[in-house]
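Which chain is which? They are A, B, C and D, in the order written, and residues in each are numbered from 1.
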Amino acid sequence: MTDRPERIDDDVIVCRCEDVTLGDIRRLIANGYHTIDEIKRISRAGMGQCQGRTCRHLIARELATALGVSVEEVEMPTFRPPTRPVLLSTIARGEGDE
Amino acid sequence: MSKKSADIVVIGGGVVGCATAFELARLGCKDIVLVERNTIASGSTGRCGAGVRQQFGTELNCVLARESVRIFEQMDEYLDYKPGVEFRQSGYLMLAYSDSQWEQFRRNVKLERSLDIDVEMLTPEGAREIVPFLNLEGMVGATFCQTDGHANPFHTAFAYAQAAKRLGAEVLTHTSVVDIEVENNRIKAVVTDKGRIETSAVVNCAGAYSAKIAAMAGIDLPVWGERHQILITEPVEAMMGPMVISFHHDFYCQQTPHGSFIMGIGMPGEPKSFNIHSSVDFLEGMAKTVMKILPPLGNLRVVRQWAGLYDRSPDAQPILGECPPVERFYNANGFSGHGFMVAPIVGRAMAELIMLGKPSVDISKLDAGRFERGELVLEPAVVG
Amino acid sequence: MNLLKEVDIAVIGAGPAGLAAALACAEAGASTLLIDANDVPGGQLVKQTHKFFGSERQHAGTRGIQIPELFAKKLVEHPNVETMWDTTASGYYDSGELVVEDGKRFIKILPKRLIVSTGASERFVLFENNDLPGVYGAGAVQTLMNVYGVVPGDRVLMVGSGNIGLIVSYQLIQAGVDVAAVIEAAPCIGGYLVHAAKLRRAGVPILTSHTIVAAHGEECVTGATIAKVDEKWQAIPGTECEIECDVICLAVGLMPLVDILWQAGCEMKYVPELGGHVPVRDDNMRTSNPNVYVAGDSGGVEEASSAMITGEIAGISAAESLGLKAPEADARLAQLKADLAAIRSGPAGEKICAGVCRATVCGGVWE
Amino acid sequence: MGRFTGGLRPSKVRLKDHPILDFSAGQEVAFTFDGKKLKGIDGEPIAAALHANGVRVLRHSPVSGRARGFFCAIGNCSSCLMTVDGVPNVRVCTEPLREGMVVETQKGHGQLPID
């Protein structure tokens, strides 16, 4: 992993579920990971319980500045069910109350 | 598009494509181009359960798996990959729920041990010593192989891709193949949406889309997409070592190094398709099945469900090697759900076949011609 | 196996938009299911103690908390409406099935049409130690204080001077909590000056062109560092200043909650004027997925009065797409669209109009 | 702009008299937090009850051990995951408090009960 000049806010937390910092994201972008999906897969940012609700926008903005594009052009990963974590026992119980 | 010509074009940026590109470069092939229409590991590789096992019922699959495990064991050094591919040998526990299944397991273990794969036969109580909260109801016995395990599919594919690039291969992502020019059975060029690459050789690692690629070269390849659904839970402290598999329930489940559980079940009647949407029926079936076999996991929360495609072949075995009548059109697809675990050895065998004419592992029985010859390879130990 | 509950229209989210949409569907004769993750209707409204702004027609002047009661009474009595509280919309699948769960039960529903009115949630700000306990979104502070009557802390630094930042600061003062300052990165105050004036009278400094640089504290917030910013909102070294506080409340804007719209495969677009990614829609609030409509803040962050209108428009349109119409529906629809244009015509509406225009399919109608 | 000073007044925890809202006290319940006996209101989120008892650190992030607490309040993030009655990763910002609940801070990802 090549490095790049440190910046003051490098150790700010971007992904709270997996403790990924802004510095981590910048290093990955500098090493050629130019999509949110790739950054998610290699750093786990966006794979936590909140499924990227907080970090995906912050990563998109960082990518937009680094690649010199508008945030609109950054491809956003989709959301998949469930919208919030749900117990396997609740799924298995279904309608029933037992 | 900087590249106009190449000695060989590898189509598909999954783990099989990346491994093949690396092994070709390692054997001295100079001008390699790998084309991937999306990003590395964005297809089935990035969606699979990423288990690595050696417990199979045919010699061919056992050998392929055994050789792959040996490569996985040294992979971080072999590919000089600092972040690590997270390969962990916590074993596979295969559960048998009928006498006929138990007999089949016994035969498999005899074969596996003859190929020095160390597998134990366990009573249900023996299985519970490995997974204390296993529900033994209806279980006849289990087999366990400690050297089976699990790796991170993203890091594995990225590791191979980066190593290939370091040896001079060119990896072109966001580049889709639209045509393959063939003249009297010789490949002239691969045409992509970013430009034309002159080449005389192609390796078809396009997974579930391999038939579409083969058709561009005039080849009718019996490989199709078959959706398989999967889910991941939130992480908890380590509590389950091995991957637990039950063919009887069409079920697999594994706790990853990160602490979350990955699990899936086969859904009967899944049509041939490229559909990777999720379904509610999968969630319900999965929850009921996992709570029957591993009851305490009922207290785990599902965080995400998704789906990927098996690249199915008629006998659920890989299709490897050249594909006459077209010269130097090589297939490495049809893995039917086992691509990740055999990718390391398949990449090497394909490179050896292409560069040296003879792979170090005999893959001749897995050629595409076997279907016309009626020589299917039947493997009993497969999850649906 | 679970039985599948069939219904004409399911409405997800019982805030101002969802309440208006559900009522419109019911009055058009559609069997309507209204779902909300909270145990009471009203969404963000429940947390508002301030008088309601917006046009007279939309219950302006009534306190936020009373508004849901008006709707709730009408809805609960309506024979076409069924409500499910404490219930989260968990998944919407390409089979058209909607799965909802309340932590105990997991229920499958098959709505012919879906209206998504899930509102918006806090945007987050990047600063050092922004994950310390004591750093709260404004919604979290309102929930704690206005819904559960628990004081968030002793001394609050409010980040953001939009309406929410100003109103929550005033609500903190109403609850006897000290507000150290309100800071705003832009050169001017974001919200209505009537709210800003109330704060100034209460002695709260409002510092424009300031941003937060860091939060301090080992295990909890004990203070913050703020600094002046240049025109590109970058902190100017040397202008740092320490603030003693035990709560940092983030009110820098809202982002539409659009998970279900992504799951429904709706065409999404990034529209900063509306708060982030929103579904492309037509003039009747229908998204690119013909079975899915959007209403309220999840289609773009505006105010509660616009949310009630887009809710009713979505309700009338969704019912009409099933051949169900209340008397005078066309006249009502025209009136609503006029009201919406009126609300958006004000000075603050310029930005919103530009955003809505970019988020609307060209010509306002899907082919 | 000079330094902002002014000491932190002891926090008035529960709002009793509020100009607009009335918080007619709900049913009081007892629960334990890491073994300590605490009081709360039946049905309010566990996080609100903890907050009213001065507890603001709800967990430490599993990767780098950073303190985390109440944050989004709508059950969308992972800041308030605690073990409640033996079940880990419960979102206490939305989980209603009930009489006799056993609330514990989690070590790392939380232990799944396997008895």
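Just so we're on the same page, contacts are C-beta pairs under 8 Å (C-beta built on N, C-alpha and C of every residue); 3 or more make two chains touch, one makes a residue touch a chain.
Everything numeric here is computed off the predicted structure, so don't read it as measured data.
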| item | value |
| --- | --- |
| Chain occupying the middle, per Cα centroid | A |
| Intercentroid distance (Cα basis), chain D paired with chain C, Å | 25 |
| Centre-of-Cα separation between chain D and chain B, whole angstrom | 45 |
| Centroid spacing, where centroids are CA-atom means, of chain A and chain D in whole angstrom | 26 |
| Numbers and ranges of chain B residues touching at least 2 other chains | 234, 278, 283-284, 297, 299-301, 305 |
| Interface hub residues of chain A, defined as touching at least two other chains | 13, 16, 48-49, 53-54, 80-82, 84-87, 91-92, 94 |
| Of all residues in chain D, the ones touching two or more other chains | 61-62, 66, 68, 71-72, 75-76, 79, 89 |
| Chain contact graph, described as a line, ring, star, complete graph or other shape | complete |
| Touching residues (chain side chain D, partner chain B) in the complex | 62, 87-89, 107-114 |
| Residues of chain B that touch chain D when the two form their complex | 132-133, 234-237, 239, 259, 296-297, 299-301 |
| Residues of chain C touching chain B in the complex | 1-2, 91, 93-95, 97, 99, 106, 108 |
| Touch list for chain D against partner chain C, complex | 1-6, 8-15, 18-21, 23, 41, 44-45, 48, 51-52, 56-58, 61, 66-76, 79, 93-94 |
| Residues on chain A engaged by chain D in the complex (per definition of touch) | 13, 16-19, 48-50, 53-54, 84-85 |
